[in-house]
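In what follows, chain A forms one complex with chain B and a second complex with chain C.
Let's look at the complex of A and B:
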């Protein structure tokens, strides 16, 4: 059974155009005025050039918003006194249709695989995962802020993707990577895609990158008490630019919002940089100071996560490096942690 | 590096070293080089050797006054809330200040956030700081791998080749509309005063004011639509020092915490109003915004109103109380609503 087929430009565009009529399709587009790349919803006026030759540069925001909507309604309730079911939480009843993420970079796709580890049993994330088809695209061009290989990824990696569009010597190829991808293609055929089977997955998982194995071996308290944290934190303004742009920062908080007699339970992004993060009901916060918050961000990604799940919780997309208002460079922090 | 900025870097290093070596200051707050082209990093030198890392260039966009209260406090002897305040002289901090940052220090002094006697202010007349986002836009998103500045141009290199941009063309909006590039409060001035003064400081605001109220509402919604609520604008602002910001409160909760438009807009409009009469248009909020939102247009509108209604500009003189901390019967008080034309109660 073949795992990939050749397709030409025309077939690809035609296929995408067909998908738009059935699903919500999103793909990276460059804003002409600012030069910034954003993942945008495809409309009837498809930018064929941006589909055939993906725009270079990492999109400003990651694809985590498609898996962890900001905010996500996770339940509804009523507070009307006469309502027999007042204060009973009910399913939100939101219809979840298939969404297609097109031309996704390997780093962003890999972030979904990494986030799936802590969220393996999270019903909301899993629901989103199920409804989303990721059509990836290898990176022809990396940025100076990219470091995917250091953290176990690759500009040509396919982890997290369902389908991938590859460049061949004489055109394009479409490769099926997962059963979800195969099923999707069966229902939405592209060119001669009938009968395509997913590429067999590697047995036993991938080998961990050096940085993850190194961090696993390090003494947790030696890293925690390292002398460099105050210096790293000194310039930090404790904003959430890094965590909110980060594809692998997945912390959330939950709040109820009530209007009139109707309420919704919302799940929304939290950030370890924020004062409410881990604030106890008693008023105590174990991370009450800036240095503790900054340390938590890096310790979580490079120590707690690998200790628990294996890989580091970073895909090396470089968004935090690019957009940190005070130029805290995560690559320097990794080096410092490695040297402990 | 530009000749002027190279000279200033040397002078800053020399003076910071001298201040640290003599023990006059315990720490010196400035900038060190960033890890990417066109970036700098706020940096505290504590030894004369560390002062050699200080730099000055067109990319010093973060407002250093923002760091002063915490830095000063960190140099005080540790004490519990019940202990009496320390007596006797406390360690001093040396700090760089352009026109707007020095005005922020004035506001901080007026609002009892910093103690003037603990500061050694090195004034630097500003030539205007460059907006990285304008550079990115001018290059249509192409990545810059190397940036060199001359006095009036930026030479940029990347995989795509190289190009030269006029420096002034990519200077931040707030610097282009600046009327006070020279420090108003300093102990030493590191350079001759600048003579630049914007002729139409409020032209961006006037363009928005000329819109109908419907158009303005559209503009407001559009302009802040991409906000991710990271609060970089708030946290980079030396005026935002409340120990608990209204958006972080959750008992009671004044505003929703996610990206629902009414909550996002409420945050921005309230934050701007909290800065009325205090904002020096340093542009830090706009520079740090990862989404490229023109955040300062809100505060700049309020600065214009404060100037028109009260003839006041924030932080120009320590001895002049800020307009919103005083009351005079002659204060402007029209309360006219431009949508319904109703006027407030007259005395």
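Let's look at the complex of A and C:
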């Protein structure tokens, strides 16, 4: 049973054009004026060049917004006294249609697989996962800020993708990676894709990246009490940009909002960089100091997460390196932690 | 995790009764009845577990369950009026509808490690709530445990919680009670002094015993040496941590103490476990 087929440029564009008529399709596009790459919704005027040859550079924001919408309605309720069901929280009941993420980089696709670990039993995340088809694209060029291999990824990795568009010596190929990808292709065939089957994926036995194994072996309190944390935290202004741009930062806050007699319970992205994140109602704050918060972000990614789930919670996209206003470089933090 | 298909949706409950517990009126006990009969009858929890109380429009807060699972048909939560959610809750009248999401976390191991042992309950201030649940549970299964000792202190006699029950326990002789207040007060004939000092005086024996200690950090800090003096080991001492929480399911990231989530891995930990963690609580 074939797992991939060759397709030509025309077939790919035709396929995508077909998808756009049925689904919401998003792909990275470079803004003509600023040069910044954003993941944008595909419209009728498709940028064929940007589809055939993906724009270089990491998109400004990650794809986590497609799995953890900002904000996300998790319940609705009424506060009208005469309403028999006032103050009863109900599922939002929003119908979710299939969304397609096209030309997704291996680092971003992998972040979805990593986030699926803590969110394994989260009904909202799982619904978003189910509705989303990720069509990945290997990276031809790396950037000066990215480091996927250091944290267990690869510019040609396919973890988290359902389908992948490959460049071969004589054109393009479409490979099926998951059953979801196969089912999607069956309903939305591309060229001769009808009988394609998913490529058998390595299951479970995948070896953890060196950095994860190293961190797992390290003593928790030795890392926590290491002397370099104040030095790393010193420049930090606790703006939280790193956590919002990070594809694998997944913390959230829950808030209620009421307008008139209708209310919603929302979940928002939150950041462990903010003092309010841990503030007790009593005024006590277990991470009231900046150094404690900065340490928590890195300890979570490289010690707490691997201890719980295996891999490190970082895909090496480099967004935090690129956009940190005070130039904190996560790669330097990793090497300091490795040296403990 | 509890058996709700969507663990973010609370069960609807009605406030069936409200008792003002303390003289300053800052603590009220809410008796809640789950509206759905099936869920109400199937409800079960372990003393020490907590739930998210939900006032739709205001939000949620994690509160320890003050009733024992042996008290059927209702749930008790003793709530201090301290933040925006608890203030909103304190303003609600009897009959109001709110939400309960739970039970969450791990309670005290009353059906495993505690079985057959002497139980020493040490509490300070309003941290007594889940320990009330524990004592009621132990008394409902009295034959399964050894001696039960309670050391409980509050600032003033009027700040003691569950005063009628304390009297009952003492008079029944089923619990050895050492109830103390911080300083002399008119009409108070009981013990005067801080919980650590009383603990040192009572000096509960560590043999075949476990201790559960809940209270303000300062009380816990000075109670530990009092226990150590009489030979208590860290593995015998159970603490209940609290941190700011949002999901209560180990996902949202707010309550972590190093690698553990207070909501999912706790809130109950042995002192031995807590000692291996960063001090982020």
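Quick note on the criterion: the second predicted complex is superposed on the first by the 338 of 340 C-alpha atoms of A that agree within 3 Å, B and C clash if a C-alpha of one lies under 4 Å from a C-alpha of the other, contacts with A are read in each partner's own complex, and residues count from 1 in each chain.
Everything that follows uses one rule, which is that contacts are C-beta pairs under 8 Å (C-beta built on N, C-alpha and C of every residue); 3 or more make two chains touch, one makes a residue touch a chain.
Keep in mind that what you see is a predicted model, and the values were worked out from it rather than measured.
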item: First (chain B), second (chain C), both or neither touched by A:217; value: neither
item: First (chain B), second (chain C), both or neither touched by A:30; value: first
item: Partner chain in contact with A:280 - chain B first, chain C second, else both or neither; value: second
item: First (chain B), second (chain C), both or neither touched by A:253; value: both
item: Which superposed partner A:239 touches (first chain B, second chain C, both, neither); value: first
item: Touching partner for A:323 - first (chain B), second (chain C), both, neither; value: first
item: Footprint overlap on chain A, where chain B in one structure and chain C in the other make contact; value: 253, 255
item: Touching residues (chain side chain A, partner chain B) in the complex; value: 30, 32-37, 55-57, 60-61, 70-71, 141, 143-145, 234-235, 237-241, 243-245, 253, 255, 257, 266, 268-269, 271, 274-276, 321-323, 325-329, 331-332
item: Residues of chain C defined as touching chain A within the complex; value: 1, 5-10, 12, 54, 56-61, 82-86, 96-99, 242-244, 246-247, 249-254, 256-259, 276-281
item: Residues of chain B that touch chain A when the two form their complex; value: 34-36, 39-44, 62, 66, 133, 136-137, 139-143, 145, 159, 228-232, 234-236, 244, 248, 250, 253, 256-260, 287-288, 290-292
item: Complex contacts: residues of chain A adjacent to chain C; value: 74-75, 77, 79, 86-91, 118-119, 121-124, 220-221, 224, 250-256, 258, 263, 265, 270, 272, 277-282, 286-287, 292, 296, 299-300, 303-304, 307-308
